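When the chains are written out, they are named A, B, C and D in that same order, and each has its own residue count from 1.
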Amino acid sequence: MLSNLLAIGPELALTATVLLVLIADLLIGDRPARRASLATVAFAGLAAAAAAFALLPDGGPSAFDGMVSGDGLGRFFRGLFLVAAFFGVAFGALSDEIPARRFGEYTILLLSTTLGMCFLVSAQNLLMILLALELTSLPSYILAGFRRGDRRSSEAALKYVLYGAAASGLMLYGFSLLYGMAGTLDLAKVGPALNASAAGGSVAIRAGIAVAALLSLVGFGYKIAAVPFHQWAPDVYEGAPTPVTAFLSVGPKAAGVAALIRFVVVGFGASVATPPAGGLPWPMLLGILAMATMTLGNLAAIPQDNVKRLLAYSSIAHAGYLLMGVAVGTPEAIQAIALYMPIYLLMNLGAFLAVLAVRAKTGSETIAAYRGLGTRSPFLAVCLAIFLFSLTGVPPFAGFIGKFYLFAAVLKAGTPFFYIVALVGVLNSVVSLFYYARLVKALFLEASPTGAPVVAVPFATTFLLAVLAIPTLLMGIWWSPLASLAAKAAGIAE
Amino acid sequence: MHDVAPVLQDFPLLFLIPLLPLLGAVWNGVMGKTMQRRFGHAAIHLPAILLPAGSFVIALWSFLTLAGAPHGTSMINHLWTWLPVGTLQAEVTFLMDRLSGVMALVVTFVGTLIHVYSTGYMKDEPAYWRFFAYLNLFMFAMLTLVLGDNFLLMFVGWEGVGLCSYLLISFWWRDREKATAGMKAFVVNRIGDLGFSLGVFLLFWGLLTTPASPAPKGHDDPHGVQAASHQAEAAPLATSIAFREVEQILQDPIKRDRIVNRDILGMGMMTLICLLLFVGATGKSAQIPLYVWLPDAMAGPTPVSALIHAATMVTAGVYMVARLHFLFTLSPVAMTVVATVGALTALFAATIGLFQYDIKKVLAYSTVSQLGFMFVAVGVGAYWVAIFHLMTHAFFKACLFLGSGSVIMGCHHEQDMRKMGGLRKLMPITAVTYFISCAAIAGFPFFSGFFSKDEILWKAFDSGNMLLPGGGVILWAITAIAALGTSFYMFRSYYMTFSGEYRGAAAAHGHDAHAAVAHVAAHADPHAVPADSHDAHGHGAHAPVESPVAMTSVLAVLGGLALVGGYVGLPLLWGLPNVFEAWLEPIFAGTAQRVTSAGFGHGAEWVLMGFSIVVAFGGFFAARILYKDGRSPFPARLLASPSRLVQATHRTIFNKYYVDEAYNVVFVKGSLVLSRGLAIWDTRVIDGAVNLAGTIGRSFSFLQGAIDRLFVDGLVDLVAKVVQAAGDKIRRLQTGHIQAYVQGLSLGALALVALAYLLAW
Amino acid sequence: MDLTTNSLLLTWTVFTPFLGLTAILALLALRPALRLSQKAVDEASRGIGMIAAVVATALSIALWVDFDAGTSNLQFIHRFVWMKAWNIEFFLGVDGLSLSMVILTAVVFLVGAIASLPWLGKLDSHHPHFSGKRVPGYWILLLLLETGVFGTFASQDFFLFYVFWEVMLLPMYFLIGIWGAPSRKDPDGRTRGGPYAAIKFFLYTLAGSVLMLLALIAIYYASAPAMLADGTQGPHTFNLVHLTAQAKAGVFTGAKAILGVPFVHLVFVGLFLGFAIKVPMFPFHTWLPDAHVDAPTPISVILAGILLKTGMYGMFRFNMQIFPESLAWASWAIGIIAVINIVYGAFVCMAQKDLKKLIAYSSVSHMGFCLLGLAAMTSTAVNGAVFQMVGHGIVSPMLFLLAGVVYDRAHTRDIEGFGGLAQKMPEYTAITGFAFMASLGLPGLAGFVGEVLVFLGAFAAHDGIFRVLVAISALSVIITAGYYLWTMQRMFLGPFNHRWDHLSDMNWRERITLYPLAVATVLLGVWPAPVLDMVRETVNTLMAGM
Amino acid sequence: MTIGLPQYLVVSGVLLALGLFTIVTRKNAVAILMGVELVLNAGLLNLVAFSRFSGNLDGQVFALFGIVLAAAEAVVALAIVLQVFRAQRSVDASKASDLKE
């Protein structure tokens, strides 16, 4: 029994932290240092969770007889989510959109979403996946609507909740069909069972499997915001407060990708190398989905004027690149995704932090507000430029290394279809230069409107910017530690 | 045929001959302005004259040592390897053999004299120092051309003289027309140089690769070892591009056949090479069709015309063909072409010369015509005669030009002969030297021109190399008519300038009487009255006076040489020793046996000599009757004659058969229109496909919002715009209505399922 | 050929500018502490920048002095394993071709640095000179660009080459964007100016380099196992020396075809397009005139002098060295496009009104010779092409500096607007005339040697078509003479246009940059042996690979 | 005829179709939520039916959890709808469209 508990150490610590923050929220009155103290409690909890995470036995057994697997992929992403949570809470403390009064609530909701994400990545059982998905989604609906008075925020929440509910409903229906056909809820057993029945079965059976698998795919698709399930993302990202958007664009999306990997690669054993599992050409299907997501994300981002909406479409595009890796499914591809995710976290959080800082000072999110920032606050501008060029995938920044690994994995797959996918991916990163450079142009190449205030960035933001920017630069040159970590994550199939 | 192996004797000072004028040019170029301001003209022209004189002394010294040396020797001075690439060993070596010895002497001697003359002619020119710097630079380039030992070094000199002629023609660059003349000269020369370089490339290609065996893939093997193809092929023919080595190779019959009978574009390779080289020669020596630049080159100061466009540069083409005699003699077709083009140019230029009123234009066309004679000589294989005529021509043509210079200076920069006259009394020395030179060029017996031109006529008449039988006689006939024309227009110019009374601005009273005549002629000839171009320093309206001693002494020297210059090459007919032919014989010995004669006896030679004397005097008397003292009314009546045929012929010949205008329209305007079209095409189609975007845009309905924006932008920007337009379209899907989203959700799910079916089955 | 590290001189040369860069950054960081005034910081960063440029040049001369021209294998090797997971090595080394480019880079950057110093003459206020704007940022980016270019020429590991290739992009984008001309609306309705040219340059080159990225990965996966610097054996390799050996052993020709096209040809085309955009080759050249017109003078100097050569260098180092058979397969196509480059470029020059655009198109025409030399594949032609790269690398900076001289004074580059400048600026006219003559290939100057060697080599090429191509491209000799002299005529000769009475002749800062280049042009024209000797061995080995 | 597995599947299919139909057509947010509930219940019905006919009880457990989830979801959704109502005085989902391109 003890080993089961130990296996979910970090999750327990997180739960304890949530409770602690709840109590602290009540105890700490309306003192000026309210935000700081609550934040410290949250950070302490996260530290404990990190410690528990370190204690996790390597290649640990799966807890609760197979429902939660302790394999490399799960461990890697759980570590990543702790980091994401740390930044989420920090951003919340810095942003003006989260009133001090309700900072406690914000932290609780955020941490519970992290909890859900941790379970989602290590769930090996259909029920467990659905539960974890709901645990991730529900708090984020509320987070999206956090600014009670603001129409746009509540509208975002409404859209998010309706879309999410519908998607998870369909997913539940899909899971039920899967259960019906495979007779078991355990993911590891579902795949082979379906393969067996698909191999012998008639067209009807194969059609049934297809419907079941694809309906369950809807849930994951919605979480990752892949085309055609992406339509909620731009509105929610724009409506939600910036720290929430930052967290949403990194946390849940990563969890969705990891879950999809587990569902498709582990569950169905589908990868370019193996024959189509359960009669479904997964690589081709996901490949087309990836191309659609990338292209739509990049194209739609070009005419944007609102920076948050632009970054929303950019994160859809990056979801497309990740989907490309999932489509290939080989161990290299999974390692590439595992490597890409932390780099993506750094870049994206960095960009959103900059947006947050500019919004705090100028109160606007349009590109015009960024004009001439290069002269007004050089450090912020340089960091934002580093994040943007890294998102484009230009060496010597970390983004290039992420993309390099991804394209290498796709090309290694070697089938003509994936050469085309790689080509589309490469052309997309050129198109992405359009809108990233448009922002950089505003930063450096355009003169600031007369009388624009010097954007004095508070020390905490500067520190966090440095914490995010330095690795983005360094990992462009020295990324082997991250590469070995990612290799362990891909160990599941090695 | 004795295989004369060239004996090379090292003469270390050879490189000084071109180097000294270069030093002069650099010194005057850099320091000239300050030196002139502080120390006046002497500080400029002293170094400018002494240095070429120095190189003349060295040239003379090496010429004499050459004379003393055994038969086939030549002086050589190797400096450094210029292009050590693969099999190409282009060395920087100066070589003075008997041929280039003569040329070097002529260039340095006449050059130095003209420098002396210029001190007088240019004395009140503010940019005095710049003129002498350019003159010295020209001497350097010409001497490099003459003393160059291989094709590439000769080409350096070849384009160097082109550059200097550009600089000197547009010396008075403030006047736009003179600057354009300079540009025209350089571009036309470049066209000739293009032909020359293509010929050189073809020759190297012929020498480097072996036609028979397929040369290994794009690989001229540096170590001379050919891929082992079935026939045992000798090593690639040449390792160096020096003239003597190429000549050495072409003497070996096997190698020669391999090149000669390989045909490209339907003609023998050697013929093609020679024709291309001849194109270079026509460019530089102003033969048809590339002669147009020489008459315009008269825009330059007169000493320039004398030095460059009479004595030295224009003869470079003749020297080149003579130097490459071992190539030309291999292809009778090329020789015929050279001879016929020469003859035609001689006649063509002579006819134009008849009606020119500008004294320098007359001399320019006479130069073109005389060069035609030289090319006839070279064409028929009489190389030594061509060089002999080149030398004598250098003397009397330089004297004529300098004479015309002093006349122009005397008549306050007036170049129109109708405004001159009666200068014999006012400028005696100029008149006498002018007359001697006219006699020499016309071919009066015992004058230098007689010996060289008569020899050309005889060699042309007696030549057996021409393709069509009896070709020599036709050549002789054309050149004879040209000779008649030459003596007529030369003496016409003499009498219009020196006889009768002075019709210039100074003779105010007699002015209006002739104005009528001048006026009538003026409108017919648009070039009649050249604008009084450079700074017309106000001359008092006093009568023309003889030029200063610096100029007249040079005229005297050149006049004397024009008189005695011919005695070097007395005809064998008279049993007298022909020093010149003997001197050049070893150079052309290698190919002598390929030059055949038509077998006419001495009798024919005597008859021809007599005929050419008759021609010379005929032209003299005709000009004397028509133009002496402006008495005879015939020229005026001819101009005003009613018959339209006469008027038409006069106008066409007067306007140089409208060749200039034709070239202008076809080539100059043509290339400008093409370039403007391409430039617009570049910014529009490649960078901005206006029409292309329009048509594509209209066909795609969903792009219709972007058509107007696309209409202006470029193909590349089109790609950018298409991407942005697509972005706009996709963006509109985001309607903000939740129903739409959920519809998208369910549609998406269904689409996925359909896709799965599609892919799996 | 052993590839162990034998000298750090090359690494020092490559990273000296980077050290200068960090020095300026440190200066900026310490500025509040040391309470330095803006003017002091500007002066200091200019000083550091100049020192870095001078030291880099000195080091490159040292490289040249003890470079052994006899052998063609790499020298000054500095190699260690950078990324074990992907067998990527930090591998710097130079042979004849790379060394000539490294030295040219050092020289051109020194000239560029001097030209970036503040303008000595009287400065009219309403046209603020670019050298006064955001000085520390300018010098940081300039030095970063120099390190990128050095690295591109010196790296012998494909991945390292790609990283340096892209590092060149970023500084160039900002240098053209921020310090270039302000953005304006052209009469034909399109917005042009610094930012437009910068993003166009960035997009063109990025599109090319992503194709190179795919080719790079394809080559890596198709390569056979090879030894790493630390003695271990890697399954694949980026090491250029090993890749070349494997190519000779037929590893790539055996590789699986992609989308039905033979592997070797497709990868060749991918790489070739990436490099062709930089050369620039005919259809992809439209970014060059825009970039030149709107870039400040020293940046045009560096762009024309060096960046165009990185494209050609890439073609020699990768396309010719690793895929000689595909080069033979594509030689016809490259030859024809080269001729289009030459003749089309020359004709378009004829109609240009803007002096800098004219020089830009003439660069397109002159780089066409290098392409022709590459396509002809004879040792003379290739030697000529490499020499043309060096020669053009000396002459075109001169031309752009001269365009800068007149722009700094008259603030316009419209050729028609001038007239009779010779009267007002005689020295400027003389040196411009010299530069024009050098550029149109007057024998005895640098331009001629490259041209004649390419023509000779191409004429003797194995393929008959090249004789026709040379005959056509020789036409450019006339057209080039035509447009240069016509420009000379319209700007300098003829009656003086009194609108330009206030123009002063050249000042000392301009002389320091122009006269050394003029001397170099004459030296290269009269005595090209040192450059040709340095390069000959490398070209022979390249040719031996045919 | 006895009620077998196919009959249950048909009913859940109908339920699913109805749910989707309501989600897609109704404008009122609460109505959409009802549609979502229908879809969820269809899934649960399926689960129970499969578990009944396939012998093991996993399906039943899943269904129980499903019910709890549906409830939680409804609570959150209604809270948000309330907030939207307070913000724009109406529950009409189609009016909530400020956030668009």
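Methods note: a residue touches a chain if its C-beta (ideal position, glycine included) is under 8 Å from a C-beta of that chain, and two chains touch if they have at least 3 such contacts.
Keep in mind the model is a prediction, meaning the values are calculated, not measured.
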| message | Mean of the CA atoms for each chain, then the mean for all of them together: which chain is nearest? | response | C
| field | Chain centre separation (chain A, chain B; CA means) in Å | value | 78
| said: Counting only Cα atoms for the centres, state how far chain B is from chain C in Å. | reply: 38
| request: Compute the distance, rounded to whole Å, between the mean C-alpha positions of chain A and chain C. | output: 43
| Centre distance in Å when chain A and chain D are each reduced to the mean of their C-alpha atoms | 26
| field | Residues within chain A bordering two or more other chains | value | 158-159, 162, 166, 170, 234-235, 434
| remark: Where chain D touches two or more other chains simultaneously, the residues are 23, 32, 93, 96-100
| Residues of chain B touching at least two other chains | 720, 731, 734, 736, 738, 742
| field | Interchain contacts (touch definition) - all pairs | value | A-B, A-C, A-D, B-C, B-D
| said: Under the stated contact criterion, what part of chain B meets chain C in this complex? | reply: 80-88, 92, 152, 155-156, 158-160, 163, 166, 170, 173-176, 179-180, 183, 186-187, 190-191, 193-194, 197-198, 201-202, 204-205, 208-209, 214-220, 222, 671-672, 674-676, 678-680, 682-683, 686-688, 712-714, 716-717, 720
| query | Where on chain C is chain A touching in the complex? | reply | 83-85, 134, 162-163, 166-167, 169-170, 173-174, 177-178, 194-195, 198-199, 202-203, 206-207, 210-211, 213-214, 217-218, 220-221, 256, 258-259
| query | What part of chain B is in contact with chain A in the complex they form? | reply | 720, 723-724, 726-728, 730-731, 733-734, 736, 738, 740-742, 744-745, 747-749, 751-753, 755-757, 759-760
| Residues of chain B defined as touching chain D within the complex | 731-732, 734-739, 742-743, 746
| field | Touching residues (chain side chain D, partner chain A) in the complex | value | 9, 12, 16, 19, 23, 29, 32-33, 35-36, 39-40, 42-44, 46-47, 49-51, 54, 56, 58-59, 61-62, 65-66, 69, 72-73, 76-77, 79-81, 83-84, 87-88, 93, 96-100
